[in-house]
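Next up is a structure, given as structure tokens.
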């Protein structure tokens, strides 16, 4: 297995045609979850990846499991159990000056009930290269926070490299709790994905806020860190953003091309960045990771749903400046 | 107010085109809940009716409240509060030999968190004539069971007549718990809606099981009861059923016409029966109640969703044998 | 031209998925109109046919004209004019015990404003063999009733055979008015399509009411009539009907096979019967007309919309007992 | 009641997915009408508001009434009568360089048949604070023009403040007729909503055309006017507009922030402005009215349909510069 | 692996809402193929199963592969190659008296280009227990017919049991060609699924045509056959069929319950029978196979699409007479 | 007939809501083909036009034929034959930085099987003024390339003017083959539509690449050419392009207004340009052709599907600067 990821996935219900929840007469169904999204991107790029989670054993849980399987992500270690429920979130897609909005209905989800010791990490991680986690998993519940640390512990012990994206969600926990957990987690991390704002509030980093300074500062502050990747986003409008990625290790600092993106679906762009980054890291090529990461993120904005249904050939074409003309 | 009803309503998510949950790519949205359904039927028949409930103050809760308001049912006494969530249920529509199936995702709903003392029954019930309740409300949680008894208590005290439909749901509680609560509730009930099977297991009624015997038996067993209404259903297939209603008080016993129904949506038919029954009871005409009840129930099968979007003129036309020819 | 037909067509708006109008969030759009429906059936069977009408020159009128053209029916003589509007009707599809219902919104339609002298019948009818009309055209307005008589007059004068279906619509006129107009029209008619009930109330026919007696009686009463065709329908339920056709001239009387039909769309079945009947009459074969008429009518019930999208090969296969097994 | 509004509402039929009418196979259904839209916005902002109108008593009329009720707008004074029909309009949504287009099919609507004396204004207006009207109501028919003046007369007499938006529709009447009616109406008006172009052609205002000059000029010309509000719109493209609002009374002149809006649905933006304006006027705070008005108008562009499904908290967040980032 | 199946799958395009192809404005997409359908049923029943096929390496081929993976069927041995195309078929769903109809557009499909030697059967079949094939695979092309024989040859050689369903498709080959290939194939077959009609025309069986006689006759004619399973179908109408299954080996003959089925989707019912039959055969329990097979087939009629999204618990419930009442 | 065009049309299948093919659960159906698209535009502008093609005689072919007929384009000379199939293409609509993509499934289409001598050009072209062809027709197959030359030959012989758009499709043939065929075709051409890039690679034109130089150079190189039209496109993003047209003959050179277009559907814009150009050429007014061509092309971007559902009045309004405000 190239990558193992650990996290929750939910059913996403979106009123079609940009309707508000109050205007809904039906919902489009997608599935999503930060670590799952990254896993799907990796599978699309040709990597073997296992998504580890716990789901409720009912038709909704089976639906979710099946849709993961559809993408080529391995689900061998997903536990189907009777307790809990399948988490749901409602998405309202906006237009300037009204941003997208997410309404969670995930309390009591099976994944949030996860406790230390339930997953056989010894077996799951055997033979795997990278372990991927975001800060959403520990944000789900105190027991999940423990279970996430347990997973990090095993990953290190089994010799995997670890990539972490704090992925702060204000609707799940607060900055204090997030910072506290991240402080416990950072010793296990090899590659950190973050942004200037979070660097300051979670890692007590207080230097300049340009990407290169943040990168260099974090590397200085955490000597065990191998690399730091950052992304920035200009919200020109709700439908048009401008995104750039940055990445540095102890010897180099890279800046990606800047992409102007037309947004079909804003969700999962950051997770798609992680897919491309890990794709490069698996080849021990940080610059490639940055370039594939930003191309993946840019294209994700054009794809409905949270999952990045990427194609390797288009990522490569985009890196080579394939242009915007119709292909026929 | 002619009728006050007290109960939960949920979002109903149905995969369109008879798909299974595992096959869903989108969901049709309806709202439903036993007491709400009956309230809507009453409003369609021209009665003033208030539905009392508690809902989560978020876009999903507001959606639900608005859709109730659309029907003409009064929502003045619905409490919008921050705690809990909006309950959901998934419906899979079947075809012989596979029956319809309901999957609840209602744990932790705002209504299920209801406790005695939260609703101002004194004010709510002032000026009202009938109070309507089903066994689903007490089945939601122990605190709801208490709150339901509280409501019954106030209803009696304020001089309202009370109609109760036990409406047993095996997925919410078991027969023992249901029987125990119903034993506490029955002293407050004026008109009971039931069926031969439930009469036996909930009311320790052990006589013959034909509708008339059951009716007479229950009236004998509970001397304060004014009337008992029963419905029977032959499931010829999933799409075709045959339904009949019966009703008796201490002097008379009535049998409704038998309707062969083609089923667009099976849910809410029993609740629509209660609408028509209460419509007659409001006119102190039990036989009219039975006839409007069964005509309403029969027509409900043809209407998508849980809510009985009846029209008074068609109920009356059906009672008069209007036939099946297209009207143009 | 094999057939010229004269009548109105409307936009039909149907709430999808068997919803009631009050439950509509969108409408499926079809077009329909009795004479148009028959014209489309004839075109599907390979005949050349012109539909004559008047439509409002706006996007809705052009839509309607284009959709007629799509079927292969000739629209050369449809007048596009600025006055009036495009008629609309709303359809609610039912299920036992609730029948289908039609709600007209056709007052002020361009066709209903038609007056004598507006159409160049001399030119339109040149070279044509049959003229087809239903009682809906005269029911639209007094001026339409005159215009319809004018058309009949020209048809006779130009040597066409005339086929008329009274097609009584209680929502458009009453029995007295219909009878009065039909008395004026009947002298122009060669082949009459009717049913036992209408024979009595419109043609003062008072004999036995079995199809053969009605047929013979009408032929006796109107010596210029060449043939009479009748259909009967048993409404077993809203979704299942049983239909039979009958046809007689001065020498023979024919009974069609009886078809049990599963109903996808009830509308236009009678009009499809007329298509098949005229198809046979064009070959001077009344029995063929009856058989093609009833096969067309039976299959029409399975086709969504008013228009009978028939295929000649399936009509012939049905006549030969092709059965109900899937074809693959 | 905080506000009483008087006007027509129609069914709106939009071919989905930006199709033209000629390409329609189905229609999305919304409801809309200038005064109704404003009423809905007020209800969303928490105000009590009654919409007064007349509707045809048929399923289409009931649908419309129910959907109004869904929003929380009071419908107690809507008359359901048998005459007339429910007006319809077709909307074609465009893209540069093709603008949106509206095709009315509202001739003969029940509201357009309204005559003086039919509505019990004495009762309707008792206890109300503001009366709201647009120039569309008088444009419907000469009798409507009289009925609108009658309403204005009663509003003044009952001590309500009056807000009027001329809302000129070239497809309903011409500039001369509009100017004539507005001349009769202006003496009853306390707050006028207009724009520089209309100020010139309807109020014979001939000064400079910048918003402040127009505002001051109108206040000077009509000494009884308390305030004038104006909006301007730059159509950068069909999908992107830039809007600004202005408001002045005899002591102050305010300019709102300018909003760049991405347009999901262009209709009803001006009506939403009136909602927010009245919301402020009810607090005797003109500047607040301007700010809530423009925030409401800006957000309305992002909401499908004519009705402004606003949320008070988002209007306030927008005023405080909440930004375009997704909320999760 | 419990079962290996070899065959083609196609995209299925169905005009929604029972429309004819000529009436289509969009198509519902499903995937299907006889051996695939059976594989999916087996996966739903909890068996490990690999579907072997060849697909075009383009988005349409990847879509098909992914959707197979979604079901839990193993796709490790599906070859993705550049040549050919993804086969398509169009389905028109009928209603009495018009049957369903299938229109193939599968000429030139990648699977039909399959040649002997392309698949590594040695590897594919290692460790597998049953091999499943239908007569559709050899019907695709002469080279496919050879490839199918090659697979049978390997299956026998590797010690697998073989189950074959001739599954005659008149639109793909004729009876002579089918009979010729089946004569070559039958020596490799352990369990034959057929019906009385096919027994006569393909296996030169000429005895009585009742299921038991056919079964016994075939077993007598082919001494190496272990068992024969047959199904019969009464087409009461297009939407209602009555199905029964029969099964015999050299010692016993079993008859299944008869199921009256309401038909949501007719396709794949026979393939679902094979799923259940193999499920029993894997337990060496022919009678269980028959019962699970017929329950699976019966329920399949209620499931949209070709794939039998069965649930083990409902199959068992149906066997135990769970009835048609809604489950809630 | 004003114009005769010769080419293929296909079914176009587009996953709705910007989904990728792998995400499709249904497809929107449109029809399209370069010469057909131009024909439809001409019909919308009021011209008589016949589209000549060959289609498979099955429901899919009939669907395509009917939809062409709907537009008012004449189909009298379309041959319906049993061989071949109806070509299909899949469209994925993109968003920056991912362009639209087309996936052809047109191998073996009936049109691609066309051979010289199958079409009765003598009859087809009698009385026609212009013949229109694109380079797609010869790209379909070698026999089509011959058939296209045959058609050009007849067109010249019968005195028609010929307009050709090379319309290069890299997925159908290569530059060498295209150049070779175009060299054979150019002697028959009166008006050439091209762009600077193609001028170089197909016509060995090697001068400056600005539109005017290209135009003048081609006119110089091919003395029989009457005029050359060119279009240029700036792809500001996938959803916003900027287009300009140019046109020159031996005496004049014209530049059209530049249009900023918001793109609903990118396909068929070039074909719509040809519609407008021919509309002007039919009036012997090259400048009018350029203006109508560019207005048609600009508006086409706003219309879903390949077919340009233009309205003459809006083309004229756009030429006169009608602006972007909603029309109501």
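As written, the chains take the letters A, B, C, D, E and F, and residue 1 is the first residue of each chain.
Operating definition for what follows: a contact is a pair of C-beta atoms (placed from the backbone, for glycine too) under 8 Å apart; a residue touches a chain by one contact, two chains touch by 3 or more.
Bear in mind that the values here come from a model prediction, so they are computed numbers and not experimental data.
Touching both chain A and chain D, which chains are there?
Touches both chain A and chain D: B, F.
Which chain maximises the distance between its CA centroid and that of chain C?
Farthest by centroid: A.
Validating interface symmetry: for the copies chain D and chain F, is the fraction of residue numbers used by both over half? Same or different.
different
If I compare contact pairs by residue number, which of A-F, A-E or B-D overlaps with A-D on over half of them?
Repeat of the A-D interface: A-F.
Using Cα averages as centroids, what's the distance between chain B and chain E in whole Å?
45
Centroid from C-alpha atoms only, then distance chain A to chain C, rounded to Å. What do you get?
It comes to 62 Å between the two C-alpha centres.
Specify, in ascending order, the residues of chain E that touch 2 or more different other chains.
16, 20, 22, 25, 28, 66
Mind giving me all the chain pairs that touch?
Result of the pairwise touch check is A-B, A-D, A-E, A-F, B-C, B-D, B-E, C-D, C-E, C-F, D-F, E-F.
What residues of chain D sit close enough to touch chain B in their complex?
Touch list, chain D to chain B: 66-67, 69-72.
Touching chain D in the complex: which residues of chain F?
So the residues of chain F touching chain D come out as 16, 28, 240, 259-264, 298-299, 301-305, 309, 314, 318, 322-328.
Can you list the residues on chain B that touch chain A in the complex?
Going by the criterion above, the answer is residues 13, 16, 20-22, 24-29, 58-60, 62-63, 66, 85-86, 88, 90, 92, 103, 105, 107-108.
For chain D, which residues are in contact with chain F within the complex?
Residues in contact with chain F: 17-20, 22-23, 94-102, 104, 169-171, 235, 237-239, 266-267.
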